[in-house]
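You will see two complexes here that share subunit A, one where it goes with subunit B and one where it goes with subunit C.
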Partner chain A sequence: MSAPAASVPGIFGAAWVIARKDLAIEFRTRSAFLSALVLSLISIVIFFFAWDPTAVGAVDLAPGVLWVTFTFSGLLGMHRSFGVESHDRAMDALLVAPVAREAIFLGKGFANLVFVVGVQAIALPAVALFYNLPVGGAFLGLAGVMLLAAIGLTCVGTLFAGMTANTRMAELLLPVLALPFFVPVVMPAATITARLLAGRPLEESMAWLRLLLAFDLVFVWACTLAFPFTLED
Partner chain B sequence: MTKTDLMTRSEQKSSLDWLAVVAFLAIAATYVRAVWFTPPELLQGYAQKIMYVHVPAAWVAFLSFALTALAGGFWLFLKDPRLDRFAESSAEVGVIFTTVVLITGPIWAKPIWGAWWVWDARLTLTLFLWFLFLGYLVLRGAVHEHETRARYSAIVGILGALLIPFIHLSVYLFRTMHPMPIVANPDGIDMPPVMIKTFFLALFSFTLLYAAFVRARYAIAAERDALDDAAAADR
Partner chain C sequence: MDQPPLVEAKALARSFGARRAVDGVDVALAPGECLALFGPNGAGKTTLLRLLAGLLSPTAGTAAIGSVPLPGPSARGRIGLVSHRSMLYDALTARENVTFAARLHGLTDVDGAVQRALEALRVADRADVAVRALSRGLQQRVAIARAIVHAPDVLLADEPYTGLDEQGGAALTSLLLERRAAGAALVVVTHHLQEGLALASHAAVMRAGRFVRFDRADGLDAVRYAADYREMVA
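Then we have the complex of A and B:
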């Protein structure tokens, strides 16, 4: 922590304080993280029983299992990130704090990113274990792709979670709104994952990787700019 | 203004909607021409005639979504409720036309491509566009406060416009990686003049129909907003 507690931090300092607050709440209760984790593990197991290993190889099935799991468990965490603020109208306290609204978004987004990466860090080894996957050689590439995709998923998911938190049926509305936006993230990520698991080099997937990177750049920027407009004045 | 004032006002306004009449006449003229005065295509036969529904509907679908995003963008700066009502009307009409595209496409694809659905780049893009704007409408339905609803819709509309190129790129990359056996090319560039004329007549009449639908839908939105305001004032 660079800024002393009494002074008003800059945009990134404020974002870090908010992210730390969210992560501290999550670390102490672990409610959402455990739910997301259990959901991931259960879906991995259900996928296994819906699978005929003589018809489809594990390497062909695993990318789909991984990305369906990451997408839905991630949504669970993002939905919660603004849910915690609705209790006791904590959101109002955040809004009157003398920090830029963009900082609130970046803080929430960063906490969500840590959440999604945390789920990924346990779900990937679980898939490797249950499906007997040779992940070893592709690990670095996979980790990079998972991080890039997690950035795209969390920035869009955080923005929509903030919007839907105040509506009725928020937990239904968030996936309906966010999933179309996840298409250009999940499609490259799943394709690259499939190729890496099949032992092909990352260089073969450069077009997909560029698409993923471009999505991250455009949407982190666009969602950060759009977030202040979602809040009431 | 009270609720009874509004009701009499809406009754007085129920005169003939000339735009809708013109649009329906244009649509009728298009199909008279398309069915009786335009020859069937050499290779595809009568199946090709669905183009006079499918392609104009697709044009209107993309037009309506572009205008929805644009109206949302302007709303963020002007805060004019008329822009939001227009965005709402345009999105709803757009969903209807996209549904027409998604229904007529497979009807044509079955005899020509041999499958109801192919994961072709354009098909997939249209499908996701449909999902995107269904989400938009669901969001509108879930928010009641006018300004909040307008604000949220504007943001989803603008982000949706940003998203379309990305979806297009990814489905394009996906398709080129897995080439599909496509028997016929749906591009209608080499059309004889008689078909081109019918085609442009269809484009024109569908655009008129879009305008008529949006106008009618806008009137409903305006009445609803006025009624909401009156109810709020009565309270």
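Then we have the complex of A and C:
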């Protein structure tokens, strides 16, 4: 077998190869997506039956329900993204490959982003249906905020999932480490969501939107740079 | 050794807490050379292999592939690694697993290289079966195909014969000899002395993280070597 011609992919090329592989595995097994979906729907139903509509308006409660649901169901997928690498030490083969460690983070982060957006795409209509929310006019604004928040959440979640993957208590450690870092993303996202659902224009929330964008940029940059150190033995 | 070494480790050491798993090992393998590494469980063979693959950082010493220090990407790209764990994704098919490795190495003819690797390990007829549905032996063949798809200059194999039947073992031996003839350097960890000696240009016995014996393999009397080995590891 003579050496085949090769040109090692750059960071983004390798990240795309890794993301495609992760999405193919999730598409084939659907294990994390179905778990996240069930968790989302159960959360929405529990909140619905615990809700007293005479005391709290739907528009006041729904943003909290949405972001609690997105946060915890997203964590399931992020944990799973490194779980597939731990099984039979597939991560070793990935680490021996001639790709930058940052590409592994970006690839897994992108696959996790698709996962979280997929969960959001089902959970948002479910919440709107249960709480009879006026989503129609605010849909584009909501979709934008959800996407921006999903970027921040997946960056932090992917970093900590990688860090905890080889620990014995990964399932416990991941939320304990990641949740405090989710706060700067969830806080502006929930505030903007509440305002949009209350029928107020997006322009009124520009300061929160800028804060969300700033945290996204910081998290994408910092998590990408920090990730290679989480792989140190 | 006339040619510059393809695999070179100098005073390589790795500790886990107070325990020195690898304790000042020197290795130099030129193209076409093969080191068979023997030793009892816990001798440090797997740790040495992981150091040479760039998966572990040494606590002392250096390792390089073709003069390029590990664990840089250009050094890693020349390595093929076979472990006693399959390192495969069980939800993907054999072909998808090998294709993933080929893409990460940036091969231009991915499909051709994947097909050749699967055929070399005689597993092409099961290429489109999910890995989880394959037997342990077939999974090992796919794992080896994944490791050699980019025709690496350096092949590090940790008990590569694990789970292989006679046909798989013969395919692997022929592949390793072919890689040697093509100028690759090989490090093969095995508990089977005869198998290892048949492949190797050098043989080493490891114990407590050190090489306690290092020989040129050609001309070694396998029976005598086995007797000496039993005495050394007793």
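We take it that the second predicted complex is superposed on the first by the 225 of 233 C-alpha atoms of A that agree within 3 Å, B and C clash if a C-alpha of one lies under 4 Å from a C-alpha of the other, contacts with A are read in each partner's own complex, and residues count from 1 in each chain.
Following the convention adopted for this analysis, a contact is a pair of C-beta atoms (placed from the backbone, for glycine too) under 8 Å apart; a residue touches a chain by one contact, two chains touch by 3 or more.
The model shown is predicted, which means the values in this text are computed figures rather than measured ones.
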Inset, instruction - Pick one for A:F215: touches subunit B only (first), subunit C only (second), both, or neither. - result: first
Inset, instruction - Go through the superposed model and pick first if A:E171 touches only subunit B, second if only subunit C, both, or neither. - result: neither
Legend entry - First (subunit B), second (subunit C), both or neither touched by A:E232: both
Legend entry - Contacts of A:E204 with subunit B and subunit C, given as first, second, both or neither: neither
Inset, instruction - Once the structures are superposed on A, label A:L95 by its partner contacts, choosing first (subunit B), second (subunit C), both or neither. - result: second
Legend entry - Touching partner for A:D60 - first (subunit B), second (subunit C), both, neither: neither
Inset, instruction - Kindly classify A:T29 by the partners it touches after superposition: subunit B alone (first), subunit C alone (second), both, or neither? - result: second
Inset, instruction - Determine where on subunit A the residues touched by subunit B overlap those touched by subunit C, and list them. - result: 232
Legend entry - In the complex, subunit A residues that touch subunit C: 1-9, 13-14, 17-18, 21, 24-25, 28-29, 84, 87-90, 92-100, 232-233
Inset, instruction - Name, in rising order, each residue of subunit B that touches subunit A in their complex. - result: 76, 128, 131-132, 134-136, 138-139, 142-143, 148, 151-152, 154-156, 158-160, 162-163, 166-167, 169-171, 173-174, 177
Inset, instruction - Would you mind writing out the residues of subunit C in touch with subunit A in their complex? - result: 53-57, 73-74, 76-77, 79, 81, 83, 85-92, 96, 100-101, 103-109, 112-113, 116-117, 120, 130, 146-148, 150-151, 153, 175, 178-179, 182
Legend entry - subunit A residues touching subunit B - in the complex, by the definition given at the top: 156, 159, 163-164, 166-169, 173, 176-177, 179-181, 183-184, 187-188, 191, 207-208, 211, 214-215, 218-219, 222-223, 226, 229-230, 232
